[in-house]
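Here is the structure we will look at, set down as structure tokens.
Chain naming follows the written order as A, B, C, D, E and F, and within any one chain the residues start at number 1.
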Amino acid sequence: MNERRISRFGEPPEAELPDDIAAIYAKNRERVGFVPNVFRAYARRPEHFRAFMQYHDVLMKGDGGLTRAEREAIVVAVSAENRCQYCVTAHGAALRVIGKDAIVAEQIAINWRTADISPRWHAMLAFASHVNETGFAATDAEIEELRAAGFSDDDVWDIAAIAAFFGFSNRMAGALDMRPNPEFYTMGRG
Amino acid sequence: MNERRISRFGEPPEAELPDDIAAIYAKNRERVGFVPNVFRAYARRPEHFRAFMQYHDVLMKGDGGLTRAEREAIVVAVSAENRCQYCVTAHGAALRVIGKDAIVAEQIAINWRTADISPRWHAMLAFASHVNETGFAATDAEIEELRAAGFSDDDVWDIAAIAAFFGFSNRMAGALDMRPNPEFYTMGRG
Amino acid sequence: MNERRISRFGEPPEAELPDDIAAIYAKNRERVGFVPNVFRAYARRPEHFRAFMQYHDVLMKGDGGLTRAEREAIVVAVSAENRCQYCVTAHGAALRVIGKDAIVAEQIAINWRTADISPRWHAMLAFASHVNETGFAATDAEIEELRAAGFSDDDVWDIAAIAAFFGFSNRMAGALDMRPNPEFYTMGRG
Amino acid sequence: MNERRISRFGEPPEAELPDDIAAIYAKNRERVGFVPNVFRAYARRPEHFRAFMQYHDVLMKGDGGLTRAEREAIVVAVSAENRCQYCVTAHGAALRVIGKDAIVAEQIAINWRTADISPRWHAMLAFASHVNETGFAATDAEIEELRAAGFSDDDVWDIAAIAAFFGFSNRMAGALDMRPNPEFYTMGRG
Amino acid sequence: MNERRISRFGEPPEAELPDDIAAIYAKNRERVGFVPNVFRAYARRPEHFRAFMQYHDVLMKGDGGLTRAEREAIVVAVSAENRCQYCVTAHGAALRVIGKDAIVAEQIAINWRTADISPRWHAMLAFASHVNETGFAATDAEIEELRAAGFSDDDVWDIAAIAAFFGFSNRMAGALDMRPNPEFYTMGRG
Amino acid sequence: MNERRISRFGEPPEAELPDDIAAIYAKNRERVGFVPNVFRAYARRPEHFRAFMQYHDVLMKGDGGLTRAEREAIVVAVSAENRCQYCVTAHGAALRVIGKDAIVAEQIAINWRTADISPRWHAMLAFASHVNETGFAATDAEIEELRAAGFSDDDVWDIAAIAAFFGFSNRMAGALDMRPNPEFYTMGRG
């Protein structure tokens, strides 16, 4: 097997990182034991790094009616449809850890339509999958169905925003040929 | 014709806007004479508003080798492929104004493949269109071609990032049923 | 910008035009101020010119229950789905003029599904769009829905015939690389 | 098996046909022994009947560099891709008779790509198939290849026009649920 | 026309065939007058030949609630969707003979959706066609509809198995460029 | 999480299994510690069970130029494209064990195009992926490329046969809603 690279355009030397980005590297090493390659790849463009991470945190850690596991499930389902090597691996690991059901996490990474999920998750992922299609425009009927399934307007917004933002992220990973850290493959499997 | 709405989820009362967002409304009224509906729709979620606008500005106004017109051309070409009512209209107007060729702007809004554009723009939009496809992952050969056409690694990054970010934006407009302001239809036609 | 050509295969010298075609050139100059490039391109093959124009006139000006604006709306919606540079531009102009609502005309040119149109127009364009798909064959249920929306059998025929004929015309424009006259871009914008 | 109908919208009584259409019925009965259902179905709208038949004859019987068998081969290949019940049956019969090779005719009706045809026919049908795709616009390189294969500009026009016109005809047959006459199934099989 | 080959990789000399395969050749010559090319092509790999024929016979001749004609109809409908030159020709002939309605057999070979078939056959072929799609996974609702149409669980299994097995067979024919015997074209046409 | 079922149509009581199938259950329990659900599901139809397993063994264990790991890689790549819950899980596990590189196995399960594989594997999986498409028919040029990459005619046959047979198997799993045994998720991860 070839040595695995970080990304097509490499990564900047750590000594040259701006302080805020160096601090994020340090925090990741402390918390999860390594720096995810998405940080290393984006560090090449500090302004892009900051904008990406800020938006990411609003979507994945911000206020809202969706649980952390639900947000990760949307990312994994959409990334699987886009066949994104980096995001299925990294967020698949996150979903195994956060969702506390490694089998369901794996099933969503293969095909959410045949995963053992609740009706709420099915409705949520069906909408996320629709958002991910080319030419998506929600119909009023579709929004009504989501409301009937218990989702608020802001929940609908969040499902759409997470699905669409990671479609963006999947494409950046595809442009940069971003490679998953080996650590992700074993996280949350115990 | 029905009255045109801002978005499916409405807009917040202006009196309740946070100061930074109220300032952006004011600046838009001063500069272009109206508040684009994307601001009104996003104002419902101030944290999302700020994250979106910050990333938008990095991509559209940040440093880089692509001209302002080239960046808008990518947005229009991708938004046309995604058939986004809001983005084709608003960024079509921007491209007419910034690109100073209303006919070419219109052609890109219909089909960049048959627009009267330079080989550089053709290579740029062909890559942006590829980024926009489901399951996109760039091949090394494709990146080499872009380099041969004069694009730097950061240019490649920027084309991909603009194309993919507006694919995200197109989907948010589709989820929110975001409607273009009437003013956009006539801008830059003189 | 490159000089814009009429079509890939050029146009015949006006001095050599058959009388009936020369008369049509003259009438167009008188009425709209220029000769649409579709005439110039087809004039290379007079028998094709005549057959095309005769069928065009039966469909667009013949008896039937559809208004002139409705017929143009079908042409614009289908041409947009086929991304035909010539037809979206020329018939988009016609729809702005005939339909007397430049904004709705523009919306249909981008995406009829999110345009501000009546339920009747939505049913009409949904059927036209279905006709335009590869492998189209109408189901009885679909025809019943059109009847319930107030369309007669001949209306159904006309929607299908206009949608399908302009799918043919779109493909001829794509084969000939037919270019819109610059005049079309500004017609009906006032 | 259900009784086979002519078309969804029926056919007019023969006693009420205009003279020119009645004459075409008579000529068909004399020459091939029956009136093809496309005539019966179109007779409901005499102006459409006349426009369709005139254009049909320009394309299929007019001057040009393509043989009659080549023109029918284009119709069969495109109609097969559109899965048109009426046109594959009726023009499949015509190709068996005119092309004088019933096996190759049958092969083209199934899949021209794996039919036993000459390089000239392969180039011709590959272009016709491209014309038939949604969003078709010929590239200059593609036209050059056709010229290199011996096709003139008017031949390119004719291939495109026949392919696109029968895509229109296929869709009309799909709208009208036009049914093939039983006689077509056995013609040219001897 | 070029000489028609058996398959891309030829066929083994008959003198070298294993006894069981030679016996099958002999039986075919006796019963239908020739050895179908699928046998000749597979004879190159005797273990594959035997596995293919055993499974084929379980599906097409084994116990079950579907008639022989129904099984052949599934094969023809799926092979037509996969545009398989060998299978549409060979199984189209079988359906003409077994189904005793050459016209309906031909219609299914063109497009089962517009063929003159019973509601039972329509439900059966609609499910077979769904099975044939990439990414197929049956929904519970779809299975319920089949039960409501009178199909047992084993019937559902058999429709799926026949549809999917011949999708496999179609692809093998496409890999081997397997050519139909000329005899198939005229069988069952009388 | 819901209790996971074997398949939509259940499984037969073990006491009623034919001896040969009971022996296969016993052998699996001895070797891998459990009976894969594909056996349990197919045991409902013993003749289908036997035909499936015989063909499976010819393809996966028979003579030929492809290694065991290569054969499993084809199964995983195709099953991932068909998004088959059962086959990606069960054969993903097999590839981790047999291929001795769990990371590459995981990468192929996500997207073989961006996996860290050799040029030989890339050519092999590109062909397998092409076989898996609807309407596949190999071109001579494609076969020549495979020969140039070192594959014999029988290797080409085997790649196609494995890819197509598991496309069949994927569809059966989709029809039966076949569920992976929990054991597969952790196999070969150590």
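By definition in this document, a contact is a pair of C-beta atoms (placed from the backbone, for glycine too) under 8 Å apart; a residue touches a chain by one contact, two chains touch by 3 or more.
Note that the coordinates shown come from a computational prediction; the quantities given were computed from them, not determined experimentally.
Chains that count as touching both chain A and chain B, per the definition above, are C, F.
Taking the CA centroid of chain E as reference, the farthest chain centroid is that of B.
A centroid comparison over C-alpha atoms places A as the chain most distant from chain D. Rotation relating chain D to chain E, from a C-alpha superposition: 180°, rounded in steps of 5.
Mean C-alpha positions place chain D and chain F at a centre distance of 44 Å.
Chain geometry summary: the mean Cα position of chain A and that of chain D are 51 Å apart. Chain C and chain D have Cα centroids lying 23 Å from one another. Residue numbers of chain D whose C-beta contacts span two or more other chains: 83-85, 111, 113-114, 135, 137, 174, 177. Applying the touch definition to all chain combinations yields A-B, A-C, A-E, A-F, B-C, B-D, B-F, C-D, C-E, D-E, D-F, E-F. Here chain B touches chain A in the complex through residues 8-9, 45, 47-48, 51-52, 54-55, 58, 62-63, 81-85, 131-138, 140, 143, 153-154, 156-157, 160-161, 163-165, 167-172, 174-177, going by the rule given at the top. By the touch criterion stated above, chain C contacts chain E in their complex at residues 135, 137.
Chain F contributes residues 111, 113-114 to its touches with chain B in the complex.
Partner chain C is touched in their complex by these residues of chain B: 1-2, 4, 80, 83-85, 88-89, 101-104, 106-107, 109-111, 113-117, 174, 177, 182, 185-186, 189.
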